[in-house]
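Both complexes shown next keep chain A, but they swap its partner, so chain B is in the first and chain C is in the second.
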Partner chain A sequence: MSAGTQVHANLTEEQVREISGDLDEPDWLLETRLEALEALEELDMPDVIKTPGREWTNLHELDFESLVDPLNAAENKDQVGPDEADVLSWADAVQEHEELLQEHFGSIVDTQENYLTALSTALFSTGTVIYVPEGVDAEDVTVRTEQNSRSLFNYTLVVTEESSSVTILERQSTGEEAEEQYYSGVVEVAAGENSYVQYGSLQNLSEEAYNFTVKRGVADTYATIDWIEGNLGTQLTKTEVSTTLSGDSSETQIVGAFYGHNDQHFDLDAKVWHRAEHTTADLVTRGVTDDVARSVYEGVQDVGADAWDTSSYQRENTLMLSDESEADASPKLIINNHDTEASHSATVGQIDAEDLFYMTSRGVDPRSARNMLVEGFFVPVLEEIDVDELRDDLEELIGARLRQRD
Partner chain B sequence: MARLELSNLHAEVAEGDEKILEGVDLEVESGEIHALMGPNGSGKSTTAKVIAGHPAYEVTEGEVLLHLEDEEFGEDIEIDEDQRTWDLLDLEPNERAALGIFLGFQYPAEIEGVTMTNFLRTALNAKIEEREELFEEEEGEDEEEEDEGFESSPMEGPADEGEVGVAEFQQILQEKMEQLEMDEKFAQRYLNAGFSGGEKKQNEVLQAAILEPSIAVLDEIDSGLDIDRLQDVSNGINALRDEQGTGILQITHYQRILDYVEPDHVHVMLDGQIAKSGGPELAEKLEDKGYDWVREDVYGTA
Partner chain C sequence: MSSDQDHLKETDTEARFEFKKEENAAVKSDKGLTEEVIRMISEDKDEPDWMLERRLRALEQYQNMPMPSGWPGMPDLSELDVEEIIPYIRPDVDKREGVDDWTELPDDIKDTFDKLGIPEAEKNALSGVGAQYESEVVYQNMQEQWEEKGVIFCNMDKAVQDHPELVKEHFMTTCVPPSDNKFAALHGAVWSGGSFVYVPEDVTVEMPVQAYFRMNSEGMGQFEHTLIIAEEGSEVHYIEGCSAPKYGTHNLHSGGVEVFVGEDAHVQYSTVQNWSKNTFNLNTKRAICEAGGTMEWVSGSMGSKATMLYPCTILKGRGATDTHITIAFAGEGQDIDTGAKVYHNAPDTSSTIESKSISKDGGRTNYRGLVHIADGAENSSTAVECDALMFDNESTSDTMPYMEIEESKVDVAHEATVGKIGDEDIFYLQSRGLDDDDAKKMIVAGFIEPITEELPIEYAVELNRLIELEMEGSLG
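Let's look at the complex of A and B:
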């Protein structure tokens, strides 16, 4: 019996072999999965924000034993893109692009970084590979995943070659609801020289679901990776979006919007690693917590010793709509190069009573006034979203959630 | 015709028992301009906020009544003579606004993400809707039943008939902005966000022009204005009175704006009360001699 089988009574090497076999995967990939399975025993949960006396997100309390049902994954997936780029299901990618996978799989997100990445590596059964050849502009790649099973492990790889560009819109939602569900997604983006990647994501899973997502990109010289991260669903989301600016003059923007109500919990990380000269980063996140929802945000701008002439900006604002909701924000600036222009700020507050009075004194009823203020609060973030469809969807979901309120 | 009556109004800060208003008596009618003057801390702004229903103040004694005559209700509504007076203290700020009270703020809020156009159209439609509800309550149940009959009639049109549509509103807004000589780019900017002090004040007058209040309380709308802007703002205030018959309560420190907006009545506020009232000549005297003589005059001490 291997070490992996000791971790989970219901997780076995045979299951991993079956998943890999069904996808007709090469041996190296099966080995990667088996090693990840075996590592589970040694690995801990991802880091979470701690404030004195409190660990904000308690991942240890999740009962993965009952949440994870590896052989019964079910989903409804759309993977569409233009002809000039390859937008492939995982099974097709294994057949058509093995070299690409071998080069990039696990190169950006360490498959054994923590318990959840290893679990994802061992068990993922679905995914999308987006490959954009040199010089191709690929607009409107759409990946829609509707989860229909207790657990779903998803993997996405984006590779852009020199001077290409791609706009990806990913949506995650729940089709058939179970009492509790677990969605795990790992996204790796390798942006080649002078290429542009915009990766927009809208997570609107069931409010009974748990969600673990890590999205990471590496930007080569003159490359740009822009992320849009919208979070509305789940009872617990632990997500990280980050870019390593490894090439000179590379850029990234991370735009986040979230809206938690009921007892939702969001643990959101936005991170940038400046590792080359003349790199630029802009991190903007705005969110709302209502009822007894909680949000915890950690933003990191890390400027390495060789990152000369860096520009790095970060803003995070949370608006609490109820007295019982909670929010914590922790922006961090780590600077190891003096030739840096950087700023960071975070605010947590409630709707301003004077703003509300101003609007009601002009005849707007308090409820409409409050809704206008909240919608207005999201505008600076919505304005950063270039993809009309994603912006409209987000706006609509925010509006709908506001109108649900008493 | 509308008449706002403050009688023996006492108010304190809601959290704490600091008394700010100690028996204010004041009456403003349609078409009149009243200047309310007085040193800092005398209770002028508090009076304005209490009229509009600011939650930070608690009224401990007295009344704020609004009396409306026929033409204020619109053609379709008939209200009994004895039901034309509202006690504003029973109403929420938005209900007071619907009845025709407008507060022009000394420091207007800056509202990010909400365009002027969107906000003002929402406010205008909310006013129309709220008035219907307020007047229906006064009309009594018989009338309401009749209304229900109309609602099912195919001749009545859509349910939200009476709402000001986007195109119609654009036209109203454009017209009023031209009158006030405001740049049309303001319409698409976020409410007061990044506006200069003068632009904010001009925007307050614009909003009053669009919402067509019966009574406008303008709290130090003249502060921080250069001469050109002061004239624009003053023209706007005069137009409110001349074209819409709005009654104006103009709160100010200075005689300056009163050169352009000539008051019918001038009141001096001291220590939470109206200490002295008179005509325009009173304002001039204050400009020359300050407030101490009023104090001496009224209390016998300086």
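Let's look at the complex of A and C:
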């Protein structure tokens, strides 16, 4: 057993068989789950940023044995989509699209990549499969998950065929609050040739909850995957959003917004792997830390040796509203092809005193002035969001959180 | 300039750095690290007990510490076998402390440094020169005008004998304790030679003080220690250069540098490193900067097989300032992992880091940085800028900055860009009559100009020559 992982005394093969049986899953899926369960003993927590003397997110402190309650998952879920595309619950997908699942499940996010992906693989009981056939434009797929149990393990698969497009809005929130809850989500996106996927996510779970999410996509030739990643809830979130640009001329954009207050801790990764020619990536994240909240941001732009003529950009800006909050940023560039234009920048700062002075001297009271400046800070990120509904919701949540502040 | 002239210059430069000498050792330790070896070094130096004790404690710490591991993309150290390294070689010079008249040096050593241009440099522009050959400083000279003002510039072993109180207080205590990392501990156990610089209050040493380190023997380790103490209001510029010829087995260079910048003092520390391409260069360099003090690091990392070096400044007092200017050049088989660390531990502190790297023929450069702004370091600001130039598709360039910000009233900015040499730029220069090789050299010279500007002319010329040498035949 590697250092720090936990073996669950209370997790059994029978539980996994029961979950899989309830969903009427084929044997290969059950096998995958059981292998993941067995692998827990060997696997370590996901990588977090380490600098001398410090591990920035301590996942080993979490008591997964008490957080995980596999047989009592409860949720409210909406899964809505247009008729031309398939938007199916996991149980329906198992019946209707077994071949699709066999091809894609675990192909993008390794089921045994780390302790938490394996835990999710063994125990997930709910999910959504979105399949968009060739040439179909599927606007407005909406997935809303309200967690009503101690733990909830969710899986989402998106497959787009050639020249199709889809816009997905996913929201997580908490219904019935328990003291501590754990939400785990794995998202795999396989974007076929010349297809377009926009995947927006708004995480607004209870502030007692813990959250582990990994969202990963692979873009084929001429395909585009755009991610929007909004994080407001939980006391601890560890999340990664990444795209592998595996087809020539594929593109990706990762837009992130977060707002941490009280003692929230956000560990956010945005990563792009350029693996083909003429690929383009743009990573933009902006966030606020207030009170004693902490943000840890890791951005990776990895340009492989075969990725000729690549453009890759990354920006990360953090605004600190309090003295006690902390922000850590590490935007990494890994460049193995010289025919590349790559840049990244990161800033951390506070509200500009001159801006504040200017506004108060024009008669705006200091509190409103500050709120307006924070809202203004998020504008460059909000502008990148094409989906009105997601943009409006995010704006409203940010506004509400600001008004909560004295 | 014509390429014939170039060719001559390059051959000359190559001859300057790659020649080897027969080993000429008076005392040579066994390979590897044991208490006996440590005691033997200490005894040969006739050291006081307290230094021996520090060495032994560092050895113990070294033995208990794991090798660095788990850093993303860290250089491969698997070929480094410290047990196979000879940690101590004292060349056969008449006086153990080194001589202060150049003509007294044995011919082979003199010849080496003549080829490296050391006396020339001293004659022309420097206030003092120390030259280390293998483990010992063989030549040391300080211009009288500075001595009269109380400036001390001597080799570290001599400082242990002559200035025990200063050394006892500052040597590997608060700045670089042996517990800092495995190679700092190693250094604490086997250190030998190096420079000691002491500048009294309000004295400005207007000319740079220089030291040159040369490794000649095969399979040896060099562990020089540099301790600089700049008292309140003083000012000094220290330059070191390093080189070694290439042998079949690996050499290890693990130096230690400690700089104490007093209140309102100003220290510049410049390095041009050109170890041979089989040397592991694993150094620890750190400065502690009091209120109003300024620390400037200027470094050019050219040679070595693998370099792991992150000069660090601790901005301890209010209003202290730090500047890092670094250039890394990695050619075939080289992994230059270098960067900067700054700890803002007081209000109104500021730092700027400017890092440039060039990689070609499969070389790897990495900028690894850490900027820490502690809670309470109000109104601190830092700006980090990294630019990487890549020549070909076998090369790699990475940037890994880390920023830990615990204070809100700060201004933190990081920027990095990577690009190839523009075809248009090359075409433009070619259309003006330059061949491809010269055009690339010119572009690189322009790219590194911010660094060379900061160096005294001899070093700037040397850095340019080294880069020209590395660039030879880089048509791609």
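The criterion applied here is as follows: the second predicted complex is superposed on the first by the 400 of 406 C-alpha atoms of A that agree within 3 Å, B and C clash if a C-alpha of one lies under 4 Å from a C-alpha of the other, contacts with A are read in each partner's own complex, and residues count from 1 in each chain.
The criterion applied here is as follows: a residue touches a chain if its C-beta (ideal position, glycine included) is under 8 Å from a C-beta of that chain, and two chains touch if they have at least 3 such contacts.
Just so you know, these numbers come straight off a predicted model, no measurement behind them.
With the C-alpha superposition on chain A as described, chain C and chain B fit side by side in the combined arrangement.
Shared-chain residue A:376: touches chain B; no touch with chain C. In the superposed model, A:361 makes contact with chain B only, not with chain C.
Judged by the touch definition given at the top, the superposed model places A:135 against neither chain B nor chain C. Legend: residue contacts after superposition of the two complexes on their common chain; A:330 is shown touching chain C, with no touch to chain B. More residues of chain A are in touch with C than with the other of chain B and chain C. Residue contacts after overlaying the shared chain place A:321 against chain C, while chain B stays out of touching range.
Looking at the shared chain after the overlay, A:175 reaches neither chain B nor chain C.
When the two structures are aligned on their common chain, the gap between the nearest CA atoms of chain B and chain C comes to 11 Å. Residues 49-52, 54, 305, 308, 318, 320-350 of chain A are the ones touching chain C in the complex.
Of all the residues in chain A, the ones that touch chain B in their complex are 352-355, 357-366, 368-369, 372-373, 375-380. Per the touch definition, chain B reaches chain A in the complex via residues 52-56, 92-94, 96-98, 102-103, 105, 108-109, 111-114, 118-120, 122-124, 126-127, 130, 190, 207, 211.
Residues 70, 72-73, 370, 375, 388, 390-393, 395-420 of chain C are the ones that touch chain A when the two sit in their complex.
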